[in-house]
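Just so it is clear, A, B, C, D and E label the chains in written order, and each chain counts residues from 1 on its own.
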Amino acid sequence: MAGSDAAGAFRLPLRLLSILGFLALWALAAVLADRAEVPGPLEVLDFLTREAADGQLFYHLAITLARVAAAFLIAMFIGTAVGVMMGQHRRLDRLLDPWVILMLNLPALVVIVLCYIWIGLTEAAAVTAVALNKIPNVVVTLREGAKALDPRLMEMAQVFRFSRLRLLRHVILPQLFPFIAAAGRSGLALIWKIVLVVELLGRSNGVGFQIHLYFQLFDVAAILGYALAFVCVMLCIEYIVVQPLETHLNRWRPGAASRAA
Amino acid sequence: MAGSDAAGAFRLPLRLLSILGFLALWALAAVLADRAEVPGPLEVLDFLTREAADGQLFYHLAITLARVAAAFLIAMFIGTAVGVMMGQHRRLDRLLDPWVILMLNLPALVVIVLCYIWIGLTEAAAVTAVALNKIPNVVVTLREGAKALDPRLMEMAQVFRFSRLRLLRHVILPQLFPFIAAAGRSGLALIWKIVLVVELLGRSNGVGFQIHLYFQLFDVAAILGYALAFVCVMLCIEYIVVQPLETHLNRWRPGAASRAA
Amino acid sequence: MRHPGQLDVRIDSKIFRSADGAATQVLCGLGFTLSPGSFTCLIGPSGCGKTTTLRIVLGLDRDFAGKVTLSPPGLRMAAVFQEPRLLPWRTVEQNVRLALPPEEQGPGAAPDLDALFAVLGLKDLRARYPDELSVGLARRVALARAFAVMPDLLLLDEPFVSLDEHIADRLRHHLLQLWQARAATVLMVTHNVREAARLADRLLLLNGRPARLVGDVAVPVARAARGSEALGRFLDDLTREFPETVLA
Amino acid sequence: MRHPGQLDVRIDSKIFRSADGAATQVLCGLGFTLSPGSFTCLIGPSGCGKTTTLRIVLGLDRDFAGKVTLSPPGLRMAAVFQEPRLLPWRTVEQNVRLALPPEEQGPGAAPDLDALFAVLGLKDLRARYPDELSVGLARRVALARAFAVMPDLLLLDEPFVSLDEHIADRLRHHLLQLWQARAATVLMVTHNVREAARLADRLLLLNGRPARLVGDVAVPVARAARGSEALGRFLDDLTREFPETVLA
Amino acid sequence: ASAAGTLRVAVLKFGTVNWELSTIRRHGMDAQHGFTLDVLEMAGDQATKVALQAGEVDMIVSDWLWVSRQRAEGRRYTFVPFSSALGSLMVPADSPIHGLADLKGRKIAVAGGPLDKSWLLLRGVTERHHGFDPAVESEPVFGAPPLLTQKAEQGEVDAVLNYWHYSARLEAKGFRRIIGANEAAMALGADGPISAIGYVFDEDWAAGDIATVRGFFAASRDAKELLRSSDAEWEALREMTGAKDDATLVALREGFREGIPARPLREEMVDTAKVYDLLAELGGDKLVGGSKTMAPGTFWPVPANGY
């Protein structure tokens, strides 16, 4: 596309602009509302610096991130494996399908409480509960991906006797990539939301624990502070890890070269 | 595939088998655990019949379903539109991207509380809060779909001067279908989970309201009863509406004819 | 009756940037004018830039130095791409009908496609989906789609490969009929020089890296005499004059 | 040195069921044996079932009545599909290397592909991605992939379409060399009867609905004499004998 | 704000406050006192706060700490005691724990989080009388109250500090009470039991419809009186309490009756202020939001009506 080169140069400014625009809108809304339940960005920043100064912020953030990371890896791994198998084998799909729908629609609360009751009030129970909540989502997304696999490429691989590993790495995974990206990105967000509930119900630290503590006091600035601190971490992960990786993995698409500049 | 015809005949039995297997496993677990907080299927069924008899079950189920349906339609519609636009226009993508990540990672709690405070404790606020929670997930999934659109078909449509509507209906939507299916299926589940929280925080009816009431009494049979009642509704929707629709929309895939039998 | 257009093509330079960062100039100083109602064939070695030229003419690639003008604007255009490019989720007939201009979309306005499908041997396959067709059948559907539009300007990229000679001959004949009936302007890419000489008024020969116009030859044989010896002599001359580009 | 295989093909019936529920019998009572080291061409009108036959031979379609035996099992096999079927996310060189048998995958064991790429005119394109290639170039990569495997059994589905005659001739020559050097068994589909007569020992002619074997002709011209008049005469005879199937 | 004469209250559907409100409605006490009671039943504590802040109801039930904090931030909420039943620390019948000193190194489940009043008081009294802080030398586990009750029954924790009605349920199952939060407060200098929770509303709204508010508190007093004296009333409430057996119902009934505020408001205010200072010290800024003493006006000066 003409002009796409120029767009590359605008990337950071556009993003910055977008973030600044958000902050400006928020500040304006806070000034207009003029109520304690609607704190402005400065109040939230103020809270965050205080909380960061006494180390609380990083302590809880780190713990929550560790839980999110563990549950994410487990859920993506198991979910992708099961989803691809179900997408490829119709019998298995029919057999497991009701279970997936059940797990998908079981309220987080139920799964979490059952995990805490059965496994105990432990870290393992917390991570298991979160992973169990997320796995069916990954399964459902990756199953669609596996169903949309190009049979022509699969046939090619069969004729040239690709080993299982080669088939997976060079034929299947690249085709699943958009689905993995979708499942991963919305998955990270979902997991973090469930971690909040898990921490509320049975953990003694973490961002979710803090948010609920402040929710009892109805301290909106503190709630927003912790929420946005996590959002910032996610923004960093997105821009420092995910998007460069995505650009690299998509470099074969025509026009990718000029776009990535 | 050889034998796929035969598999068609097994479809219902396989599924039934799967559901029966689940019930059997559950009953076994309950007997083994032999504790009040692990009720068996019969206890839950008993609760459900009582709750159904006095009309409570259907009342709360209907209200929750209405909320889920409204939020689902709004979220899918807006999310698909925004996601496709972002996937197709790189500038817009860069501009809105931080907002999407923000919305994606804002805890459900924060969005819900802010909606209730700003809009009031109304049905509209509840549905808005749920839709706001889900929209970014749809956006993220459909954006991947829009990025993976086949440029060759888009060019064909351009040469033959397809109108916007024709392009959307015959070229774009069919390609987005796996992504819409993934977003829709995991979306319905996500929405229902958020509706539970919304009902906890500011409604006086609905399944979420009931589940939390019974949670305070730690009546696991009641919690499971309401959760499973909803799961049953979702199973019905899946098997009566979604899967036949999916089969119809996928009838063009080679081998679909023998598989659908 | 609308009038077919005159097409002015001037491509000063077309550069591709590939994923490894390398920039390759594919076309350089390419200029030609197609007069209304003419039939021109574009010939050149595999990978030299023929498809790129067609894409530029079709307005699908705007990232080049130069200018393409088609007057008057708003002509009916159709193309047969090098691959069939059918919508896999629409039947054969739907694929053809969807490409019709808006004014022919309604049930009443829709042209009768029976004759066209009969010529192309697609009569029994209207309800089939593209993935259920052989490659040659899919190609014929792509041809049917372009023919059904009754275009003023028709661009074809190697339209008759993967077809047996019987059906290919029938389709060449049909193409000529359509061209004459509509007085359409046709630009066709082919590797088959014999085919080009039989169909076209004029041959544009492309070669080199970057590709330039190395020859612009009017076919000197009257259409009626194209079955004869005269065509053979013309082809021999052509092979002698452009040994790098033509092997007939 | 491994030994090329003998291929026994017996397809009693092949039926396709399309999305509209209609069942079409495509092949009926097709039987032939390819002796080790032979070169056979399969010829038939577009859509008659040639690709279907190849897919059955390759083991990609098991839903048919009949039996295909290849002895001894474990032979090296390669195919050139009718479409290139490259992995779009792997470079030209990766696409070729990934198809090599496991024992040639390691960095030390990998064969030197320079000569092959040179013959195919792909030398400068090793690092390109398939979507950056013209159709003819992509087809050449698919050929390179099949040739690099050095197969005992090679199946080709219209391998030389979309190529200009210069490069097509070079590739036909290369194919013959490979065939002789490996003593491979080759089964090739083509619409170009002249090409078939130049390359093959034997022509299998397919026609009808459902398609049956209508002719099984040994090419009576010595390989050395295939440039000559003798080939022309053979083709004329063939056209006379099978007017429905052959038009040379 | 609602139409004059109507009072909208948001409460937990199965909460203790709703026992009182449903008694008021069942006996038409609202009409007797010249107002209409409109109850919005919700599923969570936070939901009632959201409802009050969104202007959806006139009154909720919460604690004076929250009210004081809100007043410090400029919102004119005020508080009228509802119950003095605070949480208590429970252990299984056969537990080796017999006093606060035995808590060292034990796993204690704490409902409501580290800023919970009862927990802070327990920490204060243990520190003062036994020389260690359970937050440091025991192992507190925070979590949802019903889940913690469950965990205590399963024996996964050694002791559980929970709201009174959860404690009452445990008592019915044979658990022992080690100390109640009110005892802790008294051990730390309060003269008598102070209220835990109370009705919370905007004082400006109350001033605008004073007759209704007075009527409500009169009705509230009548309902409490009835629940104190009549066991039959509790049969009507049985389902609402979720009691599965008679022992539980009795424990809940006795707990409720014990918690009915009986002291003069003035004395209670003085004691509450003392406890506030204590909590401000123990809980820090996080708990009280920077105001070291209880905000003036936290207690609504109910005109002499018997409390």
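Methods note: contacts are C-beta pairs under 8 Å (C-beta built on N, C-alpha and C of every residue); 3 or more make two chains touch, one makes a residue touch a chain.
The structure displayed is predicted, hence computed values, not measured ones.
Set against the Cα centre of subunit C, the chain with the most distant centre is E.
Chain centres were defined as the mean of their Cα atoms; on that basis the chain farthest from subunit D turns out to be E. By C-beta pair count, the most extensively touching chains are A-B.
Inter-chain spacing, taken between the CA centroids of subunit C and subunit E, is 84 Å. Separating the CA-averaged centres of subunit B and subunit D is a span of 48 Å.
Work out the mean CA point of subunit B and of subunit E, and you get 39 Å between them. Rounded to whole angstrom, the centroid-to-centroid distance between subunit C and subunit D, based on C-alpha atoms, equals 28 Å.
The multi-chain contact residues of subunit D, meaning those touching 2 or more other chains, are 18-20, 83, 129, 132. Taken residue by residue, subunit E touches two or more other chains at 46, 53, 144, 147, 150, whereas all remaining positions touch fewer. Within subunit A, the positions touching two or more other chains are listed as 37, 113, 117, 215, 251-252, 254.
Across the complex, subunit A is touched by residues 4, 7, 10-11, 14-15, 17-19, 22, 37-38, 90-91, 94-99, 101-102, 104-110, 113, 117-118, 136-137, 140-141, 144-145, 147-148, 151, 178-179, 181-183, 185-186, 188-190, 192-193, 196, 208, 211-212, 215, 220, 223-224, 227, 230-231, 234-235, 238, 250, 254, 259 of subunit B. Chain contact summary for the complex, subunit A toward subunit E: residues 36-37, 113, 116-117, 120-121, 200-204, 209, 212-213, 215-219. Remark: subunit B residues 152-153, 155-156, 158-163, 166, 170-171, 174, 249, 251-254 touch subunit C in the complex.
Considering their complex, residues 16, 18-20, 22, 44-47, 51, 82-83, 121, 127-129, 132-137, 140, 158, 161-167, 169, 191, 193, 244, 247-248 of subunit D touch subunit C. Residues of subunit E touching subunit A in their complex: 45-46, 49, 53, 66, 69-70, 73-75, 112-115, 140-144, 147, 150-151, 154, 156-157, 287, 289.
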